[in-house]
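One chain, subunit A, appears in both complexes that follow, with subunit B as partner in the first and subunit C in the second.
For the complex of A and B:
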C-alpha cells in the first residue's frame, strides 16, 4: 500500500451556484415560480419583522400608544410576564421559582452530556437537581415559606412536569420493553397488555383519572398530592409509548449480539446494559427524541385538571382589563418559549445521531 | 503462552473436555440431532463437516448451551449441562465460541470488545484487562487496530478480533462455527493461520469448517454429519483418503470439486 503510487481522480465537482441553477432555474417556468415564491417569502418575513420589531410598542407604560401603532404591543409582556412565568406563585417568592427553573434546566442540559451517562452519575445528578428544585419551590426548609403545589405555575411547572415525567418514564419504559420481550410467554403477555392498555387511552382520560377519580379509589396515604398523581399518570402514558420505541430498537439487533454476550459469560443485566440498550437507543434514536418533544408540548394538557402551566398562565395574563385585546402577542411570546425548548431538543437529537453513527464506522 | 491452555483448572487429566451421550434435539417436531454420541478429549482438535442443514451448528451450540437439548446428557469439563443457572454460567465462562458472522459489538472499540467480559465477568481492573486484551490482540496480529471500531475493519480482521475476544476469557475449549465462511477468499488464510497457531499450542478445539486443508493439517479427528446424525468419524488421513460411507463419498466429491 505504502509504496505503490496511484493517481486518484476526484469526483466531478458541482459548484453550489451550479446546483442552485439546476434545481431552481432550470426552465423559464421554474424561473418564474422561484421568483414568485422568493418574493412572497421575503414579504412575509418583512411583515413579521415590521410587526414584531419596527412598529411595535415595548414598554408597559406606553400601552395607550398601542391603539395607533400598527405593530405588536409588547407592553402586555412587559406588564404581565411575571404571571406567564410564575402563575399563581406568590409575588415576593418569584426569585425561588426562577432559581428552581434554572436548576432544572441545568440538570436537563447536564444529563445530555455523555460524561453523565452512567447509572450512578445520572441518578446522583437527578436526585440533587430534583431536591434543590423541590426545596426552592415547596419551601419549609432553610426558613423558606411553604408554597404548596396548587400554587406552582408557569414555566417552572411546565419544566417540572416535563422533567419528572421523563425521569420516571424513561426507566419504566426500559423495564416495559424488556418485559415485553421476555422469554416467558406469561410475562411477555402481561407487559404487552399493560403497554397496549395505556397506549390505547387518550392522555386526557389518564390525567383526569389520576387527578379526579383516584382519590375515591386509593386509600389516603397512597394518594399523594394531585400534582404527583397527574405526573405519575403522565409518566405511565409516556413509558407505554417510549417502551414501544425502545422495543423496536431492541428488535433490530441481530440475535448474534446477545449470543456473543452469552458465550462470554455475561449475565442478563450486563448484556442488557452494555450490549442491548446502547444499540437499541442508537437504532431508534429519532423516535425516542420525538417522544420527548411530543411530551414537552403535551404538558399543556394539565390545564384541564386545574394546573397553571405556562399556557394557562398566559391566558390569565391577558385575561383582565385592558390587556384582553393583546392575546396574539402573548401567544407569540409563549410560542417562542416552546420553540426554544423543542428546537434545542431536536437539535440535540440530531447531534446525538451524528455522534453515535461514528461508532458504527 | 503454552501453559495457558494446559489443564490448569485442576481437572484430572484424562477427563474428556466434552462428552455427549445419546443426545437428541428437536426444533418443534423437526428432529435436528439424532442420538449423538461424541467425546472430545482434552487438547483434542475435532473438525465437523457435513452438508448444509445437517445440524453442525446446532451440535456445537448445544455444547455452550446456546441451544437446549431434549434427551441425553452433555458433560463439559466434568460438569453436566442441565438447567441449573450456576452450571450454565460456569460452563460458558470456560467455553469460547467464534461465530461465522463475528458478532463483535459494533458500538465498542476493538479493545472494549475484548475487555468487556474481563472486567464484568472476571472482575479484572480496567488496566489489567487492557493489558490482557493487548496481549491477545498481538497474538492475532492486530494490536494496531485496538482503538478502531469493528465497522472500520476488514472481515478477516474482525474475525481475528473475535478470536482474541474469546481468548481473553482464557477458555478451556474453543468452538468455531464456520469461522471463514463469511470471508472473502484472500482473508481466509489470515484467520486459519491464527487457528493453526492456537491448535499447535494445545487448545481443545471443535471446528465446524469446510476448509479441508486446515482439517488435514491440525485435526485429530474429522466428523461427518448428515441429517442430524454422525455418519462417520476418522483421522483426517483415513477420512479423506478412504471414506467408508456412501454419503461421505458424495459429500467429499462435491466439496472437492472446487
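For the complex of A and C:
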C-alpha cells in the first residue's frame, strides 16, 4: 500500500518589502505615480490639520481673533453647539435630549450584535429603546415636564425620524415583500403596484404630499401631527425599497426549502417565519443594511418640509449676528456628524458582506 | 355547506375579494374626503387653471419668460430646468465616476487609496448638505467688480458664471441637437441595413463632413439680425450684461450632484471593471495588443455591458435627487409646482403633474438605457461570468 496522503504546498511567501514593492514601485511609471500621490496626500493632510487644528480658534470668546487666523473658527461651534444638537428644546432639559440620543445610538449599536438577531429579541430591543427615547424626549411620565414634538430639534430629531421610520418601515417591508410574492394574483398585483408606485417617485414628493396634501384626503381624526404624517410617508417609502431587498433574498432561496416545510406539514406562517425569512435576511443582509445607511442620509430631506433637524438647526446656528461668516465651519461640523454615523454603518455593512461570503464558500 | 366554506379555492377567492373591497372602500373614502374639503375651501377642480397667468417670478429659466405667462408655460419651464440640471449633473457625474473607477482599480496602492478617500467622503455626506455647502461657497465668490475672469470672456463672480454665447435663435439650437441625435440613431440602423459594406463607410464619412456644414447654415439663417455673432458678457455698472449666465444655484447643484453621483458611479464602474475575467485581458496580451487597446477594446466594452443595468438605476436615482434644488432656491419642477400650489391652491392637479413629470423622465431614462443594453448584450448564447 502506498501512502495516499497528499501534501499541500503553501503559497509562496512574499515578504512585506516585496509586497510593498509590487504594489507601489513595480515600474518606473509607478514609482513616479507613487511619489506624486504621496506628495498630494501629504499636502492635503497638512493643509487640513493646519486649517482644523494648528491655525484654528477654539473658544467662543476668542471670536474677534478669527479675522486674522488662517484656520477654522471653531468658536461658532463652541458658542452655538447647543442649537445644532438640540434645536429649540428647552435649555434646562438638554440632558434629556442627550440621554435619549445616547439610548437610541446604543440600541442601534446593539442591533448590530448577532446575539440580538432573532425576531423577538430585536423587536424587544427596539421597542424598549424607542420607548425610553420617546419618554425622555416627550416627558409627562416620572415627573418629567411635557415637551411637544414641535420643540424637538437638532440631532435628536434626526435620530427620532430615523428610528421611527425604521421601526414602522421594517415590519411593513416584510409584509410588502410577502404580499408581492403571494400566490394569490390579486394580492401580488396590488402589492406590486404599491411598491412600484413609491419607488418611482422622489422621496421629497412623498414627504411633501404627506405634509401638505394628506389633510385634504384623510378624515380629521386620522391626520395626526405633521411630524407623524411625514414619518409615516417616509416609512412607506423606506418599506417599498426594503421590500425589494427582502424579496431578492426570498427569491434566492432554493424552492426545495419551502417544499420540505410543506411536506412536514408546516403552516404558511411557520414556513415564512422559520424557513423563508431567516434565510432571506441572511441572503440580503448587506443590501438591507445599505438601505438603512441611505435612509439615515435621507432624513436630511425633511428639512425642506419644515422640520428643525440637524441640517436646519445648523443653518440657524450661523444665521445671526457675527456668526454669519462662519458657515463653512458649521457645514464641516454637521458633515462630520453625518459622516461618523453613515461611515460606521456602511463599514459594518461591508464587514457583514465579507463575513457572510465566507459561509457560502 | 361545510365543504364549500372549507375548500381552499373558496377561501382564496373570498380573501382576495375582501382585500379588494377594503382597498376600494379606502379609495372612495379618500375621494369623498377630498371633495368635501375642497368644497369647504370653495376651490374648483380641473385643469382650467393652467391657462391663467401666474403673476409670480422665479429664479432661473432656460426659455425667455415673464410673470404674466400662464401656468402651463411656467410648469414647462420647471420641467426643462429639471432636465437641464439632471443632464449637466449626470454627464459630469459619469465622467467623474469613470475616472474614479479607473483610479480605484489601479494596481498602485497609494493611487487607488486616493479614489477610495474620494468615494468615502462624498458618498457618506447627504447630498442636500453638499448642495447647500457648495451654494454657500459659490454665492460668497467676489462681487462682479472683482470677478475672476478668463481672458475677459468668461467671468466668475458671486452672481454666477458668465460666458459668451452665439446670437442665434433658440429653435435652431434645438434643431441642431435633434439633427445630431437623429444622425447618431441613423448610423447603426444603416450599418445593419448595408451589412458593413464599403458604401456604408463612404456614406458615414460624407455624413460627418456634411453635418457641421448644415449646422453652420442653420445657425447663420437663425442669427438675430443686426447683432454681432458672438454675444460677449461685459461689466456695465454693478453687474454684467450680455452673454449667458449660469446662476450660482445651478452651479452649486451641478457641482454637488456631479461629486456625489461621481462617487456612486465610480463604485459601479469599479465593479464593472473588476468583473471582466482575467483570462480575457491575458488573451489580449498574448495576441500582442497594446495596453491601451486592451483597455479600449476589451476591458471597457465588457465592463460597460456588465454595469449598464446598475448605471441606469443610478441615473434614475440622481434624476430624482435633483428635487433638492428647492433648498437653494433653484426653480426646478418641484419648486415650480410647490410655488404653484401655494399660489393657486390647485393642490391635487399640480401634484398629479409633478408625479407624471417624474414618471415620464424616469421611464425615458430606463427606456433609452434598456435599448442600449439590448443592443450591446450578448446574442445567441450565454456566457457564464
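Criterion: the second predicted complex is superposed on the first by the 343 of 361 C-alpha atoms of A that agree within 3 Å, B and C clash if a C-alpha of one lies under 4 Å from a C-alpha of the other, contacts with A are read in each partner's own complex, and residues count from 1 in each chain.
Following the convention adopted for this analysis, contacts are C-beta pairs under 8 Å (C-beta built on N, C-alpha and C of every residue); 3 or more make two chains touch, one makes a residue touch a chain.
Because the structure is predicted, anything quoted here is derived from the model rather than measured.
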Q | Partner chain in contact with A:204 - subunit B first, subunit C second, else both or neither | A | second
Q: Please name the chain, subunit B or subunit C, that touches the greater number of residues in subunit A.
A: C
(Q) Going by the contact rule set out at the top, does A:256 touch subunit B (first), subunit C (second), both, or neither? (A) first
Q: Check the residue A:266 against both partner chains and state whether it touches subunit B (first), subunit C (second), both, or neither.
A: first
Q.
Is A:278 touching anything from subunit B or subunit C once the two structures are fitted on A? First, second, both or neither.
A. first
Q.
If we overlay the two complexes on their shared chain A, which of subunit B and subunit C does A:30 touch? Say first, second, both or neither.
A. second
Q: Applying the touch criterion given at the start, work out whether A:298 contacts subunit B, subunit C, both or neither, answering first, second, both or neither.
A: second
Q: Examine A:12 and indicate which partner it touches, taking first as subunit B and second as subunit C; both and neither are also allowed.
A: neither
(Q) Just checking: does A:335 make contact with subunit B only, subunit C only, both, or neither of them? Give me first, second, both or neither. (A) second
(Q) From the superposed pair, tell me which subunit A residues show up as contacts to subunit B and also as contacts to subunit C. (A) none
Q) Which residues of subunit C touch subunit A in the complex? A) 12, 15-16, 19-20, 23, 29-30, 33-34, 37-38, 107-111, 113-114, 120-121, 123-129, 132-133, 136-137, 320-321, 323-324, 326-327, 334, 338, 341, 347-348, 351, 354-355, 358-359, 362
(Q) Can you tell me which positions in subunit B touch subunit A when the two form their complex? (A) 64-66, 89, 92-93, 95-97, 99, 101, 103-108, 116-117, 120-121, 148-153, 162, 165-166, 169
Q. In the complex formed with subunit B, which residues of subunit A make contact?
A. 254, 256-257, 259-260, 262-267, 270, 274-275, 278-279, 282, 356, 358-361
Q.
Going by the contact rule set out above, which residues of subunit A touch subunit C in the complex?
A. 23-24, 26, 30, 33-34, 37-38, 40-41, 184-187, 190, 200-205, 208-209, 212-213, 215-219, 297-298, 300-301, 303-304, 311, 315, 327-328, 331, 334-335, 338-339, 342-343, 346
